[in-house]
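You will see two complexes here that share chain A, one where it goes with chain B and one where it goes with chain C.
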Partner chain A sequence: MKTWLGLLLVLSLAFGDIACRNEGATTAGCPSSEPSGTPVDTTIMAFLSAARALHHEADLREKSGDPAGAIAALERLVAMPAPAVAEVDEVLADTHARLAELRLARGDLDGADREVQGGLQRVAGPTYFRGHLLEVQGLIEEARATAYVDAGKREEATAAKARAISLLEEAVRVQEQVIDRALADGGRE
Partner chain B sequence: MPDPRDEHEIPDPELARVLRAAWSPEDLSPEEHKKLVAKAIAPRRATVVRVSFGASAILALAASVLLAVWTDKAPRPGPNLGPVLSVSRSTQSLFARPFAPTGGESARVDRIAMARAADLRENQFAKWGVR
Partner chain C sequence: MTTHGRLGAALLTVLLTFPLTMCGAAAPAEKAPPATPAGAPAPPAEAGPAQSAYPQGGYPAQPGYAAPPPSAATGAPDQGDLAQRRAAARAELQRAQSDLEAAATDCAAACRALSSMERATQHLCTLVADPDDQKRCDDAQHRLASARERVRSSCGSCP
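Our next item is the complex of A and B:
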């Protein structure tokens, strides 16, 4: 009788395992497995929705001649608690880039540079977002070089100009990498 | 018809024994006791138990085979991990060319939000099993 029961147990486990491995069958009672990556959920969507609203608010304030109001709207966005996912990092990097542009337009070169650094921390790999941040940083150094020229500081101006050229070249390299990858992938999402 | 009150009538001996046992039962004799015990523990009982467990095992085995075959043939959507959900990822592929040196951030966040809103809707439908 023990032999019968042992045989029954082994066979039941074996068939149970087959049913769990079976593609397309129910997994009730089977060991579960987590899908890779965070599924797009309402938290991510809520953040993106807030980002969209604040960028449009910044548009309205810019158009009405209120760059300080536009900066304040975008600062609210970068201060919000954010889910740690790729699309949120990219939106925040782009927001830092916009803040850098706004500060640059107001002559706040150091503030603009801080924004670029904040954005670069969000996007490490070769993306248009990183390339854009490097481009904005190049524009900041270009503006700095002009400011040094106006102040009669030739050496500082030359150094700033060299940094600007280096950053703009780096931006182009990043963009080229992105384009090469996109072409290799066939442009799929 | 004989009259039961007739003193000369001889009663049925079996009936008399049963009535007597009911009224005043006696102990079994040792021989009779031994015979009953031997009958109760005869090998026939062990055979019945074995046959019963064996039949149960075969039935359970057949049921598990049927279940495995049935679930193999039953059409079900998606892999065995449940519905396939859209996961968070870079939005790079939403943009075909490098960004302009200045401006365009609102248009980009519009595009990202719309793309992920579509993903979220798909995920909800997939969870509800209506995709």
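Our next item is the complex of A and C:
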């Protein structure tokens, strides 16, 4: 979670601080002082700032043993109007993944699965976020298999386990592609 | 050349070029003969353009004095050449910095993906119940080992 919070910081700096400083002595482009500045940047900055705050709140609530409070904080984030840019989609996909993990930990398998589906709608192709969602979905199916075994439902358990293995395999393949792409330019030097 | 190598080379070029330029600027001020006879004040209208025309040194043509030798003869690059070299060095430095930053970002992404891959493989292998599952586990572990080695060789250790 810290990694993408770092991304938020970088994006905030990129959209905000640099944009303001590039204007020299003027404050043009600064969202707080230039209402007629680029609206997309302002909206993105506002969203990312809210996302950072709400994830921080969720961190605090989790640490204080309040997973329901953490879920509530993150639900407020996914309910916010979101600018249609890739960075925001990735933040939301990761938020859905975190919500899925929180719900899974509470035994809410169907709720966790809905979160994963919501996240997968935000990201396509071989990205870390998609791979992470598939990984979490694999864990959900793994938990479902265990629940079926406990309930004496062997066939359902076998099917859930097969889905878990397939999803985890897919997660491995996606992350493998992410690594390949990330390091693909290593040979250009 | 590696990114670090390019960055180092660009830095070296910049460091070498800037002092050279500064020397070039200082030398004429010491060696240039007076434009007017001693004691006679130089007309301001002439002094201004002469300075602006040679902002970084050089030998302005003066009546009664020989023209400065061509830079090739003295071994000193002319101002245009220096400016070009400075610009090229700056561009090279910027490229190297961008490469370095991109490499750091790429490694962070690769490490994050590797962590997810490790977790997924670990869970996958705990679910093994038959030979087919074992084969899939082995395949995932093989992919993980390859990815881990690739990340290690490109990025070193992950945080």
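Going forward, the second predicted complex is superposed on the first by the 144 of 189 C-alpha atoms of A that agree within 3 Å, B and C clash if a C-alpha of one lies under 4 Å from a C-alpha of the other, contacts with A are read in each partner's own complex, and residues count from 1 in each chain.
Everything that follows uses one rule, which is that contacts are C-beta pairs under 8 Å (C-beta built on N, C-alpha and C of every residue); 3 or more make two chains touch, one makes a residue touch a chain.
Note that the coordinates shown come from a computational prediction; the quantities given were computed from them, not determined experimentally.
When the two complexes are overlaid on their common chain A, residue A:G65 makes contact with neither chain B nor chain C. Of the two partner chains placed around the shared chain by superposition, chain B is the only one that A:H55 touches, whereas chain C remains out of contact.
In the superposed pair of complexes, A:G152 makes contact with neither chain B nor chain C. Once the two complexes are laid over each other on the shared chain, residue contacts for A:E90 go to chain B alone; chain C is not touched.
When the two structures are aligned on the shared chain, A:E142 is found in touch with chain C, with no touch to chain B.
In the superposition on chain A, A:P81 contacts neither chain B nor chain C.
Judged by the touch definition given at the top, the superposed model places A:Q175 against both chain B and chain C.
Of the two partner chains, chain C is the only one touched by A:A164; chain B is not.
Once chain A of one complex is fitted onto chain A of the other, the partner contacts of A:G131 extend to both chain B and chain C.
Of the two partners, chain B and chain C, it is B that touches more residues of chain A.
Applying the stated touch rule to the two superposed structures, the overlap between the chain B and chain C interfaces on chain A comprises residues 128, 131-132, 135, 139, 175, 178-179, 182, 185, 189. Put simply, chain C touches chain A in their complex at residues 1-3, 5-6, 99, 102-103, 106-110, 112-114, 116-117, 119-121, 123-124, 127, 129, 133, 136, 139-140, 143-144, 146-147, 150-151, 154-155. Contact residues of chain A toward chain C in the complex are 3, 128, 131-132, 134-135, 138-139, 142, 145, 161, 164-165, 168-169, 171-173, 175-176, 178-180, 182-183, 185-186, 189.
Within the complex formed with chain B, the chain A residues making contact are 1, 4-5, 7-8, 11-12, 15-16, 18-27, 30, 32-33, 35-42, 44-45, 48-49, 51-52, 55-56, 58-59, 85-88, 90-91, 94-95, 97-98, 101, 125, 127-129, 131-132, 135-136, 139, 175, 178-179, 182, 185, 187-189. By the touch rule above, chain B contacts chain A in their complex via residues 49-50, 53-54, 57, 60-61, 64-65, 67-68, 71-72, 74-82, 84-96, 98-99, 101-103, 105-106, 108-110, 112-113, 116-117, 119-120, 123.
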